[in-house]
Structures are given as structure tokens and as C-alpha cells.
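You will see two complexes here that share chain A, one where it goes with chain B and one where it goes with chain C.
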Partner chain A sequence: MFRQMLYTQLKWSLIALAALVVAGFAIPVLSVQRAGIVQPATWDAAVLLTAIRGWGVAYPILAGAVGLVAALTAWSHDHRGNHVYALSLPVARWKYAVLRFAAGGVLILPVVVALWVGGLAAGSASTIPNGLHAYPTALALRFGLATFVAYAAFFAIASGTSRTAAWVLGVIGALAVVQIVLSAAGVHAAFLPDALERLYTWPGPFELFTGQWMLINV
Partner chain B sequence: MSNAIETHGLRYRAGKTFEIRDLALNVPTGAVYGFLGPNGSGKTTTIRLLLGMLRRVGGTIRVLDGSVPRDIVHVLARVGYVPERPHLYPSLTVAEALRFHGAFFSRWDGHWADELRSGFGLDQDAKLSRLSKGEMGKLLVLVALAQRPDLLILDEPTDGLDPVVRRDVLAAVLEYVSTARATVFISSHLVHELERICDWVGVMDHGQLVAELPMQTFKNGIKRLRVRNAPADIGDAPFVLLAREPGNGVAGESWVVRGWDASMHEYFTAIGAAVHAVDDLDLEDGFVELLRASRAPTA
Partner chain C sequence: MSDRRRIGIAILTIVLAPAAASAQQSVAAQQARLAALEAAANRADSIAHRADSVLQARRVLDTLRSGTLRVVTDSALAQRVRPAAAHAWRVLSAHLGADTVLLREPYGAIANRGSRLLPVAVEATALIDTAAPPLETFWTILGVVESNLVTRSGRTFRSWDGSLGFATDTTHLFSLAYVSLITAPSRAARLCRAGDVAACAAALGLGPDSNRAASWYSVNDLRVVLGRGTSSPFARDRRMLAACRAGSDSACWNLAARRGPSLPAPLGVVSRTSLIAIALARGGAGAYTRLLADSSAPVAAQLSSAAGMPFDDLIAAWRIRVRGAAPPGTTGAPLRAELAAAGWIVLLLALALRSARWRLD
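Let's look at the complex of A and B:
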């Protein structure tokens, strides 16, 4: 059952997944290469760190993209058929959702592995200045966690109907409007920025996405 | 005889205009039950309620001795379902779709699925999105049969298919039923098609079950009578008067009745009338008259 779920999701996401695997491998390699172009002969630590930091934004973006693709491909074909097929199969609804989620979770692994291999290759092929170290495994683990968090969030949204999605977006939009109106009226009630801060600071689920993403660091 | 499907007081509401009201279905085990009704009468909604896809507002549903929705997983494992519109994933090939579907059913017969596929002339490498309507119809019946179900629920399975494919599909279903002694619940608005294969019939209209009876009773019991000297008030008739149309003096009035029996001539004598002709109605005419009677405003 799980193997067939995995097979269908792999088939539906194969092209996008292949592109993301390539991106996962390429980003760490390119980040080091670009740094090398800045100072091809001898790498100055500060210049290298600046160049590596510049590429840092690519990792959370890639994590979000992988999560989005895995979540959308998990549900899009069922949505298209109004879930009639899924509901006619002799499997509990929660179990069906878990199987789809697990299959999508497996599909994000190749990108994480590609990024890890890319990080290892980039680290081993570079002459790293004294005092700096490559952290391909830590970077890949962090990337894997961020991808999983993004995937879980998108999966939860994608599993609902378009009506549910409209409700979620509607509530967020309404909160934003209320926030703007209150601010304009001079009322101090920054609940939306507070909520966002809670999401993006520890122990918020999206804290992983913030901060610096460095393949090479002190 | 036990029932494969039983509903009592089943109610469902969709929006402000459509509802299923107090539906009491009784589908005998082993029967080929034709579920008739015009488009929009509630046939597909009823089927989705039986399969636990929609939540009822009230009443009870039992399918294969399981309560729906409580036992739905066990029920679905024994039900072969052909929906109104193709539900399989169109991006898969025939072979992939069979593998996917078979993985969920413990009684899946892969060998027989292959035999059926060959018999239906389906290319296993063909993508589902590229299948013709007839090929898709065959594939849907194939996957339902290869589950070796105890109950087949077919929602307009031959709608839009050409006569040859329609015959192939129905032949495969009937062959399975005759060997496996399964129950078939088949919804259609193609009355003549059901007339040939069904032994029970239920008629839906506007979300209500208008009639449920053995096909033989339905076919034999609905007659058009030519009645002379009929009084305006017919009292307690021993049959159900579905329609009454005035005629000229020679031909008499035309009555469409349900539950007719030859011994009922005495009733007409008692009310001072006479029946001078009794015509059989085919199922389609009977169906139309039944709907017309159910829709007539009550006095």
C-alpha cells in the first residue's frame, strides 16, 4: 500500500523533484565556487564568509520549494477527482492521510541527500582558510528539518478543500486589515507582528528558516 | 432473505433545494437491483451515502451487515464501486492503476484482472488520460470485479458507452454475479437496460423512493386499462391508480394502475364500470407513469 502511494507521488513529482535535487547539490557547490571567483588564489576568510552568507538565503527558499512541491503533489490528484477515489478505498481517512504524508516525507530525502553530498564535495574540493570549517552534515540536517517543517505546513493546508484554504487566507487577511485599522487609529495592539515573531523565533516552528545558513563558518 | 443494503429513515440535505427524505432501501442479498430515477433524483447522492462519502443527517445505513459510516473500512473492502465519472488517477498507465488499486484490496485477483484486461482489449501501457470513454468504462468495471466483491455498486456504468461496449461490460458483471453470487446495485436512467438484467427495482424521484418491488411485479403489475362508465369517485380501489385520462365514449377512459390482478374485474362491476382492454406497459412506460403519479399534486 505504502509502496504504491510512494510510486504515484514519485511519478507525479519526478520532474520537479529532479530539478530540486540538482539545485540541492548545486547550491553548496556554487556558493564555494563564487567565493573562489572573488579571491581565486588565496581565500580571505572574511571575503569567503561574506560570499557564503550571500548564498545562505537560497537554502530556506529551496526548503520551502521542496516542501511545497511534495505537499502539492501529495494531494493535487485527489483534489482533482473530489477525493472520490480515495474515499472509495478500504482504508481509514486518517491512515490514507498518514500514508500520503509519509510518502511525501520520503520524497524530500533525495534533495536533502543531494545537498549533503554537494556540501561534502564543495568542502573537500576547497582550500578552507585556517580557523574556518565546513559543516555539510549540520547544514544538511538543518535543511532537512526546515524542509520537513515546510512540507508539514503546506501538507496541512493542501489537505483541506479550496473552501478551507479560502477560510484560512480570509482569516489571515481579516487579521491584517484589523491590524492596519488599529495602527491607523493609534491603538497599540501589534498582535500580527507578535504572532509572526512567535512563529519565527524559538520555539516557533519557522525559527529554522531564520538566521544564517553557512556551509563554511568559524 | 437478508439484505445486502438496508437504509431506514435516511436523510441528507445538500444546500437549500435538494434533500433525501426518509429513504428506506432494502436490497436483497444476491439480487440485481436496478436503481432508477431521472437525472438529479438523488441516485448518485444515495450511493455516496451508502459508501460513507457523504454524512447523513439522520437515519441508519447498513451495507453487508456493517453499519455505515462506523464499519466503512470493512464494508468498502467487500464493495466494488464504479462511479458515475472515472475516479482513477488519469496520469497512471493501465498496469500502474491496477497495481495501485490492487494494493488496497486483500481479495484482489491479479491473475483475473490480467485476464479481464486482455479480454477487454486494454493495453497495459496506455495512459488512462488517453483511454477512450469505452475503454475507461471497461477499466472501471475491471477494477471493481477484480476485487472479488460481495456487492457491486455501479453508478451509471454504461452511460455514454456504445452498444457493443455496454454489452461487454454488462456481460462481465452478470458472469461474475452468476459465479460469485454477489449482489449488484446498479443505478441508471436507461430503463430498457435494467429491464433485461435486474430482478428488483427501486425508483427514485426528488430525493424520495417512489417504489421498490421485484422487477416481475413491476413489469406485470403496471397496466393501462380502458374503462367505460367509470364514476368520478372510484372509492377504495384494490390497486394504485397512477394516471387517469379522459377518453371518448367508445374507447372509454385510460387508466394506468399499479398492482393489477385479473380478479380485480369484479371491483369495476361493483362500481358500475367495465374494463374492456388491459394493455401491458413496458418498463419505460411504467417508469414514466410512476413518476408522473408521484409528481401529481395530492388533493
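Let's look at the complex of A and C:
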């Protein structure tokens, strides 16, 4: 049954995942494109690190995108069919959700592997100044974990009904509106930035997304 | 002769005639013309001076005070300069502490277009870009004060190329100094990393003057360092560099010797500014005054005096601080973030298993 689910989810998300695999390979390669052309002697290491740091923004964005695509494609057909297929199967709902989750998780792996291979290729193809090193494996592991966090978050939202998703998004939107109104009224109650900060700092779920994502570093 | 040819010859005559006449001009005529031009330039200069004098006489100046910082500026500029000077004072007083007495003389601020002179004595003058954002005015004033203090610390100190770092975030500064120390292609920097204090001083350009190249670089380092920047205009240097790159050690050393004082020290302005920051921080109250006290002393002695500690101890303290300033959050995430992420994945999956109205069991 797992193989069948994996096959169907692959079929539904093939084009999007293929694009994300290409992006996963391309980002590390593009991040060092200048390092491969310019003679290392002319490189100021700090300038190279700044360029690499600039590309670091792309990794968490890609992780979020992969998680979103994998989670939405896992549930979209069930939502469209009003879960009749799932209800017709002789399996418990929790078991069905676990199988869906596992199938989506397997589909994430090619993107992580592509990013790792891209990092290895970029690290070996570019001339890195003395004292700096490439960290493709550490970067790929972090990317993989961040992708799974995003996937789990979107999967949890998408596994509910459309109404649940609407409620989640509605509450977030309402909080944003209240914050804007309060700010416009001159009331200093920055609860939304505080809430976001809690999400992105320990022990929040998205701390992995913050900080610097650098393929090359000291 | 056809009409077309006739027209062509006429055009050529019109175009070439003045050039032919000019070529025939005598040297005496050209000298006369030069003299006439000089006279015209002198007249214009005289008129400009008179106009400037009239403007100076009409000039209305304001003296803006923020703490002990005084800035003399044109009234028209005062509105722009006042908040910038107040902001600069806050930064300066935080850095200088009791040493704000060093700002005893007023500074000038004038618009970058218009008269370059203030009719009063000032320590240094800031050129204010009136079209730039207000924050730019603050940076300009702060930069002029900083540059003036460096100048007052003496020619040796100034040419050593350090900065007082008023405009620099200390954490970022030491992080950059760490990157410099780790990546400098230099024998002295490597020895410094390993704990050799004398090598640290040499890498910072504060070692003995004799045989600097050998104390800074190995021959392989020189191959990297000498190849940096623009190529030399001298063919001999270019040949030596090519030979150096091709493997000739003697060519490398000879080229380094030819570079002389222009051969860069391994650790540049960022590292030096971080050393000054350590010296001033360790020195506490009066550190800036002591730094400026003897402008003829060697840089090492000035820094040691500012820090109130032996120079070797200062370098050792700098090395420890820089070694501990590795840039944060590199590639791998902290373990606690990874554990938290794993926990959240399990929690979110558990939520996904429980939700929805189409539960079967």
C-alpha cells in the first residue's frame, strides 16, 4: 500500500519536484560561480563570504517551498474527492496519514540529495581561498531537517479539512490586521512580532531557518 | 573639374585653412597668446576672491553645541547639522567617556558646494552633501572627528592605517578580524594563530622593521600576495612576477624587496582597528588621551600606553579575543535547534494524525 501511495504522490508532484531538484542542485553551484572564475589570489575572503552569505537566503526559502509542495500534493486529491478513497480503505485514519506522511518524506529526499551533490560539486569545482572550507554535508543535513520541519507543519495544516486550513490562515490574518490597527492607533503592543520571534527562536519550530546558511565558511 | 569635385575642394579648404594658419603661427605669437590667457585667468581669480570676500562678510554662522562637541556651520545648514551633531556626540561620548575633553576645539561643517573656507579657526571641516539623506551628515561629522583624532595621534600612527572604530560594531569588527587572521596567506598569521605573540605583532605591521617580507610571508605566500592587485607598469617587475609564479624563489624575494614599504602587511585595517579597540577598552578612562599624548612615539608604545599594559600582553589579549570571535551560525545548526526541530516534527505529525472529521475508528 505504501508503494502505491508513493507512486501516486510522485505522479501528482513530479513536475514541481523536478523543478525543486534542479533548484536544489543549482543554488550551491550558483553561490560559488564567481569564486570559480576569479583567481583566488584576488579574492578578499571577507568579500567571498559576503557573497556566499547573500545566497544563504535561498536555502531556507527552498526548504519551505519543498515542504509546502510535498504537503499540499499529499492531501490535495483527498480533499478534492472528499476523502471517499481514504474512507473506502480498510485502514485506520492514523495509519493512512502516516503512510501519506512517509510517502511525502521520501519524495523530499531527492531535493536534499540534489542540494548535497550540488554543494559537493560547487565545493570541488571552485577555488576556495586559504583558510576557508566548503561544508556541503553539514549544509545538506541542515537543509533536510528544515525541509522536514516545514513539511510537517504544512502537512498538519493540510491534513485537516479546508475549514481547518481556513481557520489557521484566518487567525494569522486577523492577528496581522489587529496588529496593524493597533500600530496605526499608536498603541505599543507588538504581539505579532513577539509571536513570530517565538516561532523563530529556541524552542520554536523554525529556529533552524534562521542564522547563516553558508556553503563556504571559515 | 566637376561640380562635385569643386565643392569637395572648397570644403577641404574651409576645414584645413585655420589649421594651416595655426601651424604657421610663430613661437612669439603663441607666447603672446599664453600671456593673454594668464592675464585673463588672474583677472578671473581676482574677481572670484572679491566675490568670496563679499560672501564671507555676509556669511552668518551658527555654533552648535552637543556636550563638548562644537560644530560651526552656516545658518542655512544648521537645521541639517544640528541633529547629526547631537547623534555624533552620543556616539563619541559613549566611546570617549572622560576623554571627550579631547574635543576642545570646534569642528566646521560646510556645504560641499560653495565656499570651502570658514572664517573661524576649526579643528577640521566636514563637507556636507546637502542632497544626501540626513544620516549621511551624521556619518560625515563622525568620520571627520575620528579622522582628526587619528591625525593628532601622529604621523606614524596615521600611516600605520588603523581606525578608532567609532562607526563600527565591535562584534562585527572582531568577526572580520577573525576571518582576516584565518585567511591571511601569511607565515606570521599562521604562527599567530598557533600562539606566537611576536608573530601577531609582526603580522599587524608592528614588528621589527628589518627583513619584514621574510617575517611576514613564506615564499609560497609571496606567490599569492605579489600576484594581487593591478599589474606593475614596469616590465622588469612583470618578468619577476612571472618567474616567481613559475617557481623561482629568488624572483619572489627580489620582487618583495623591490616592493619595499608598499608590500602589504598580512593583517590590515580591520585587524588593526580591532587592536586599537582592545587597547582603548583595556585602558579605560584616559585611554584616548594617553594614545594621543606622545605623537612621536612608535605605534606599539602608543597602544601600550593607551591600554596601560605591556605591549606583549596587549597583543596576547587581542589574539585571544580574535580567536574567540568566529562568525556565528555558520553551516551546521546548533544541536539544540536540531533537537527542537525533531521534536516539532513528531508533534506536528501527531497533530496531523488526530485531526479531521472523517476519522474511521
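FYI, the second predicted complex is superposed on the first by the 195 of 218 C-alpha atoms of A that agree within 3 Å, B and C clash if a C-alpha of one lies under 4 Å from a C-alpha of the other, contacts with A are read in each partner's own complex, and residues count from 1 in each chain.
Everything below uses one rule, namely that a residue touches a chain if its C-beta (ideal position, glycine included) is under 8 Å from a C-beta of that chain, and two chains touch if they have at least 3 such contacts.
Source: prediction; values computed, not measured.
A.B. asks: What is the contact status of A:Gln4 with respect to chain B (first) and chain C (second): first, second, both, or neither?
C.D. replies: So A:Gln4 only meets chain B here.
A.B. asks: Please indicate which partner A:Ala92 is in contact with in the superposed arrangement: first for chain B, second for chain C, both, or neither.
C.D. replies: Both partners, chain B and chain C.
A.B. asks: Hey, is it chain B or chain C that touches more of chain A?
C.D. replies: Per-residue touch count on chain A favours C.
A.B. asks: With the two structures laid over each other on chain A, which partner does A:Pro110 touch: chain B (first), chain C (second), both, or neither?
C.D. replies: It touches nothing on chain B or chain C.
A.B. asks: First (chain B), second (chain C), both or neither: which does A:Trp213 touch?
C.D. replies: second
A.B. asks: Check whether A:Ala138 is in contact with chain B, with chain C, with both or with neither, and answer first, second, both or neither.
C.D. replies: It touches chain C, and chain B stays clear.
A.B. asks: For chain A, what residues appear in both contact lists, the one with chain B and the one with chain C?
C.D. replies: 87, 91-92
A.B. asks: Mind pulling up the chain C residues that touch chain A in the complex?
C.D. replies: So the residues of chain C touching chain A come out as 176, 178-180, 182-185, 224-225, 227-229, 270, 326-333, 336-338, 340-345, 348-349, 351-361.
A.B. asks: Tell me, which parts of chain B touch chain A in their complex?
C.D. replies: Residues of chain B touching chain A: 51-53, 73-77, 81, 83, 85, 87-89, 91-92, 96, 99-100, 103-105.
A.B. asks: Give every residue of chain A touching chain C within the complex, in rising order.
C.D. replies: Its residues touching chain C are 39-42, 45-46, 49, 83, 86-87, 91-94, 97-98, 101, 129-132, 135, 138-139, 141-142, 145-146, 148-149, 152-153, 155-156, 159-161, 164, 202-205, 207-208, 210-215, 217-218.
A.B. asks: Applying the document's contact rule, which stretches of chain A touch chain B when the two form their complex?
C.D. replies: 1, 3-4, 7-8, 11-12, 77, 81, 84-85, 87-92
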